[in-house]
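Scroll down for the structure; my scribbles are underneath it.
Order of writing sets the chain letters: A, B, C, D and E. Residues in each chain are counted from 1.
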Amino acid sequence: MSEDGNMLLSVKNIEVVYDHVILVLKGVSLEVPEGGIVALLGANGAGKSTTLKSISNLLRAERGDVTKGTIEYMGEQVDSLTPNALVSKGVIQVMEGRHCFEHLTVEENLLTGSYTRKDGRAAVQKDLDMVYSYFPRLVDRQASLAGYISGGEQQMVAIGRALMAKPKLILLDEPSMGLAPQLVEEIFEIVHRLNKDEGVSFLLAEQNTSVALRYASYGYILENGRIVMDGDADKLASNEDVKEFYLGVAGGERKSFRDVKHYRRRKRWLA
Amino acid sequence: LSSTAEAAAEQFFPMIIYRTGAYAVGGIPLANGYGDYLKLLNARDGGINGVKIKFEECETQYSTKVGVECYEKLKGKGDVGPTVFNPNSTGITYAIIPKASVDKVPVHSMGYGRTAAGDGRVFPWAFTFPTSYWSQAAAFINYIGEREGGKNNLKGKKIAFIYHNSGYGKEPLPTFNKLAKKYGYDFKALAVDHPGQEQKAAWLQVRRYKPDYVFLTGWGVMNQVAIKEAAAIRFPMDHFIGNWWSGAEPDVLPAGKTAIGYIAATFNQPGAGTQAHADIVKHVYGGDAAAAKKGQIGQVLYNRGIINAIYDTEAVRTAMGKYGNKAMSGEQVRWGLENLNLTEARLGELGVKGFMGPISVSCKDHEGGGKVMFQQWSGTEWKIVKGWTDTMQDVIRPMIEEAAAAYAKENKITPRAC
Amino acid sequence: MLYRESGQYKTSYTDDQAIFPLKQDRWLMAIALVIAFVVIPLTSSEYMLEAVIIPFLIFALAAIGLNLLAGYCGQISLGTGGFMAVGGYTAYKLTTSLPDMNMIIVFLLSGVAAAFVGIMFGIPSLRIKGFYLAVATLAAQFFLQWLFNKVEWFYNYNPSGTITAPPREMFGFVVTGPHATAEARYMITLVVVAVLALVAKNLTRGHIGRSWMAIRDMDIAAEIIGIRPLHAKLSAFAISSFYCGVAGSLFVFTWLGSVETEAFNINLSFQVLFMVIIGGLGSILGSFIGAAFITAVPILLTNAPQFFGFNLPIDLQKHFEVMIFGVLIIFFVIVEPHGLARLWQITKEKLRLWPFPY
Amino acid sequence: MFRQNGSFAKTMEVLNAIFVLPFVDMFTEPVFFAEVVVGGLLTGVMYSLVALGFVLIFKASGVFNFAQGAMVLFAALTLVGLMEKGVPVWLALIIAAGVMVIVAVVIEKLVLRPLVNQPDIILFMATIGITFFLEGFGETVWGSDIHRLDVGIPDATFEIGGMLLNEFDIWAAAIGAAMVAFLALFFRYTVIGRALRAVADDHQAALSVGIPLKTIWIVVWSVAGFVGLVAGIMWGTKSGVQFSLSLIALKALPVLILGGFTSIPGAIVGGLIIGVGEKVAEIYWGPLIGGAIENWFAYMLALAFLLFRPQGLFGEKIIERV
Amino acid sequence: MNETRNIGDTLLKVDNISLSFGGVKAITGVSLEIREREICAIIGPNGAGKTSMLNVINGFYHPQEGTITFGGEVRKQMRPHLAAAGGIARTFQNVALFTGMSTLDNIMTGRNLKMKKNFLWQALNIGPARKEELEHREFVEHIIDFLEIEAIRKTPVGRLPYGLQKRVELGRALAAEPKLLLLDEPMAGMNVEEKEDMCRFILDTNDEFGTTIGLIEHDMGVVMDLSDHVVVLDHGEKIADGVPDVVRADQNVIDAYLGVAHD
């Protein structure tokens, strides 16, 4: 993406170190345009979550530090803001691994998302109803403690909770994890709808590459703490390497997972 | 050359004290009194018989462990070693008595600590004079016996004993039990746990037991809470009697008017009326009476600090009488302590006539057969209500010797002949 | 790259499982042992031994004990003082009723007694967790302290309830009682502590240690993969209390010489807990570092002003000392929440990468 | 045969002493028994006052604040110190409360913020550091002497139906009850209440939804400081303001686990149970085994409750899931 | 496709299980069978009761009704560690590794059941204990090789990325040499490449050790390709049970779960 005036978020060349010694991001730059859906792809441990956490400033809580580079949101440097200040400004992250408040009920969990809002009870109630309509499953679970609901239900709560903040930019970390296939599609439909109707921008780290690239407009591929490839989503989706390694299709045909075994095994023997 | 070096040698007094922690309230005046008297000797007399006094405080917070560390730190100091240790805590006393006998430094636990150390044959290095908890308990029985018109009238009387649940607090129990058999009073012991802020259960039991007298062995905050609780159950204050660590100003002041009439044991006069006090104001505080008052001069525990210092410095003086006017080593001071004989006349010379009792210590008797007085709180000051009271040494002394013999046996000590 | 492991290949699992797989660490350990067994007894003053080094060793032992329980098994206990008291009083009863018993055996049996008591008080841990358990273990602390204070049998009916270490000999040396030299007491303490530290290290590296850590990190998952919480927790309580018991008997016999129950009060429990946390939960080395920190820092702080020629009033000095001590605790906890041992490890990692920052 | 009979009689005697006589005693002297119970209840409220401070902070941040005892001492010392300097009571109260707010701000900035998201035990350790600091600091500023505190709460003894009661205790109970009611409502009916519970569950997630940890912590620690001040006044009036005041915390701990770390009503109910339990045990069973059993009995009592409810009577359920 | 596969008799039989929590019914009257050496998938929408079913099988939840027969032994409920001792191992939906320990140690805990030498030997680290430790270490090293995680052998697992953690968790379960291996969403949060690896491990385990596998997974590709038979739960009830091809075409399943027919 080119240097452009209307970038909502631009991350410039950041380096992240955990625990003073573990260097994880080695100069990552990326941008999210106003009203864009940007996908961040990459293998396990590439540093996707770390990137998102450095944007939302949740990194410090894990003893990680941005040692180089800057992060700008709406043209303003935000590296030193507290996470809640960022939320007030409209940036919210849905953390990987759900992080529901176990001892709060599902509804209370959702309501915590509206903590920074100042637009009155009615508006909050409206959004609450909206979240319930997205995730009808949660209506049954309304009064259950979040600690007891199933993994997928927790994922719904985490996403719903972020929506309750009425954000401008949502950093979604693995939204599809643990969700039933039907629901995965639904989540991305919601993303799409929010993006189109309300102009919410998204930066999503996602392993389910095929869905992600279907909905995103632009994508970055992160390997080992570096961006190794970026481009428009459809371009990426048609790239041969991406197809092979991220979409699991070789030569236009999806391989059976059962056959993969033998193919792999051969590869291992050869090595 | 050697003689000048020797002459320059100072008499070193190690001070194991506590000015902080849960019991600071009692520790501060004690340390002030002791220190001020040493300062006085330096300022007024240039030390003891011309030998300058040096002292160093070591803070324990009333903790035995820290006390031992202090002991180890201070025992190597001083030009000819330390003079004498005043552990200022029963726990520390117990811990350092065995060590001190090896290091050849005397330990003086004035009226507290290991009561058995009153037997100088088994404990050559430990001194408890002028008295001990056992003697004090006996004096208390004597005192109330007298108030009842003779000890025989104690038969059937009820005595409650409220004590700090520690080695210190338990000390008088053997005496009370023994004397109960002898005089036929009914006796009930009620323990209160450290620090003693909460004693409702004990006082409810007192209320039900309806004792004729209550004897208190407390320390720190426990004392004043006890006095308040006694007032709250409307127990007559003049039948409520504390030991000598339960009868100082900080114990009664917080209870306000309700404390009036409360009685406590002591072995020193209250007040700041002696010549020695005047000298302290003059030489130590530069005549600033207000500053001296801030230093708690004349308070019960301050005065006890002075007495402690007088005993120790006079022991050094006694030793000098034998070994010459130079800094005395621990061994020499030990001899001085053992041969200490403070007569009325000598007390007069020291400017403390009537302030403390005469005493003589011997090889065998390290307790000094100590007598005890009783003082009463008037609301503003302590007044002696019963002068030197007998401590039934005929009963107590055999108990002390028995306990000492047991200790000797357990620790394979052969008592020396006296 | 002073501290590097490259080039040190391990050709067997046995090598890989050595306590100190790295050569540099083996050297450091050897030097430490030489210092402990040779240099210190030859050069230290009596004060150093009595007031700093012996207590340091004893506390390190107690801290190892608590660390096995809290750091490895995740069961926080505030009953350490009580368990140490069991050790101290058992040792006293044993040697006064059987004067000829070898002191090493006395110490070990005290540990065994404490282990039994530890198991008793560990039973609630099967149901109660976290801070609830921590506070509940105070029941042990207060009960045991009360028991030893109340039941006269424990202190041979002497009127004050104080126990005193009687003189005992080993190999012709007096090792306890007032006539034992500081060196003799130091050596016997050192031997006991060194051997037990090694044992602790072995335990934590084996399957027992792993089952403790599994319970600590996630008890439900541990149970589901087949670790019995009952065994793991109670064995942790037993072994931990064993260590505390031995430490308690040394506390009386080679350090203080004479104590009343008050010496085993709740402050002692807290002190040992500080050591474990400051040193590093789940680290044997950390127990030593923590013990050194908590025993040495107050003494350094007490002596520092004099050393630099300030003459503060002693109470003010103490107050400052307490304040600074508090600040230091906070400081180190913030710098490295996983304790000083972890700090040491990070330093080593940095050395390994040196001169590169990452 | 004879011997067996003897030991049988002995066993019966012991059982009788434990299981029968104390109850007979209670029935035969009902007024005294009532007095014991009432005394226990009133003492219990005093424990609750201290426990309440712990609960507040735990509930709101998951931190087991060991420094609560030191905060009680520090607050009381500040108050009494000011009063001794001639500041009128009401002003001294306001200033002391202000000082506790400052303490909260400083603690948040220097201790809590760098330790966000750390394990509970680490935060616990940090609060121990705070304890040392506050104790040292308070004594440096105000000295180690004992200070008499009198803010004008009446302290006379009166008699009702043979029971001796103290006005002061009644006042303490009333104040305790009022505070509990206020705080319980505060937690239930404010937005902050929910946010606090969220923070206690997961610091990082709370941050991620925009809950301002900083503000929350300052508020809660200030309130806990204020509760500490009240506890300090009550206990300080009773026993003078001095170092031992910080040891009160130890009497509050069994109350805390019995009631549940996270429950405000739990603090009061726990206090009452512990108060009555320990007094009754001490007076009716204590003499059988030598007395002074209050301290450990309180913990054992709490322990017994925990065996049935591991989260305390009113504590939040401990969630166990895989 | 399973003609060549050597599927045996029933290993696990779940009979009419019902489980509820207060008012919430997690499982209602579900029966299912897993036969020896097969791969059985349990699928269903979120909150259908899949995880709860695994929890019932390995004794963590105690069902109100129904029985479980495992290896011929009938039981109503038992403690989890007994189930483990009986040969049931599992992985968890929310990774439940021992975060403070290294990869190696985590996998070694899986061998705990098999390590018996008493603690005196342990304490001295000589003789039998040492020998035993080394034997097990060797076994575990095989697993590490098998899962291709040699490089992270000594890394504390808390620092590992999610995908690797899942792999370590599988290793820990394998270390117990289970008869029945239960996997709860082993491939969640992985990209295709990693899923392929995981599938390979599962298939190899099944092939080489003859381990019976119970698998919960939301990736239909994986489920359909791997499993011999599929059980579908919805709202705590069983709505379908059969070979993948049949289940995939079942209208109920499509409505409740798949949304669209999957090829």
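The working rule: a residue touches a chain if its C-beta (ideal position, glycine included) is under 8 Å from a C-beta of that chain, and two chains touch if they have at least 3 such contacts.
Bear in mind the structure is a predicted one, so any value in this text is a computation, not a measurement.
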{"item": "Neighbouring chains shared between subunit D and subunit E, ordered by label", "value": "A, C"}
{"item": "Common touching chains of subunit D and subunit B", "value": "C"}
{"item": "From subunit A, the most remote chain by mean C-alpha position", "value": "B"}
{"item": "Comparison of A-D and A-E (more C-beta pairs in contact)", "value": "A-E"}
{"item": "Separation of subunit A from subunit C, taking each centre as the mean of its C-alpha atoms, in whole Å", "value": "47"}
{"item": "Subunit C-subunit E separation of Cα centroids, rounded to whole Å", "value": "41"}
{"item": "Inter-centroid spacing, subunit D versus subunit C (mean Cα positions, whole Å)", "value": "31"}
{"item": "Distance between the centres, which are taken as Cα means, of subunit C and subunit B, whole angstrom", "value": "37"}
{"item": "Shared interface positions of subunit A, touching two or more other chains", "value": "22, 148"}
{"item": "Of all residues in subunit D, the ones touching two or more other chains", "value": "139, 144, 290, 292, 295, 321-322"}
{"item": "Contacts with 2+ other chains: residues of subunit E", "value": "51, 60, 92-94, 96"}
{"item": "All touching chain pairs, where touch follows the definition stated at the start", "value": "A-C, A-D, A-E, B-C, B-D, C-D, C-E, D-E"}
{"item": "Parts of subunit C lying in touch with subunit A, wherever the complex brings them together", "value": "346, 349-350, 353, 358"}
{"item": "Residues of subunit E defined as touching subunit D within the complex", "value": "51, 55, 60, 92-94, 96"}
{"item": "Complex interface listing, subunit B residues touching subunit D", "value": "19-22, 24-25, 28, 165, 189-193, 195-198, 200-201, 204-205, 207-208, 220-221, 224-225, 228, 231-234, 250, 253-254, 256"}
{"item": "Residue numbers on subunit E that touch subunit A, as the complex places them", "value": "1, 21, 24, 44-48, 51-52, 93-94, 159-164, 185, 188-197, 199-200, 203-204, 218-222, 225-226, 257-259, 262"}
{"item": "Subunit B-touching residues of subunit C, taken from the complex the two chains share", "value": "45-47, 50-51, 55, 96, 149, 156, 158-162, 164, 166-167, 177-179, 255-263, 265, 267, 299, 302, 314-315, 317-319, 322"}
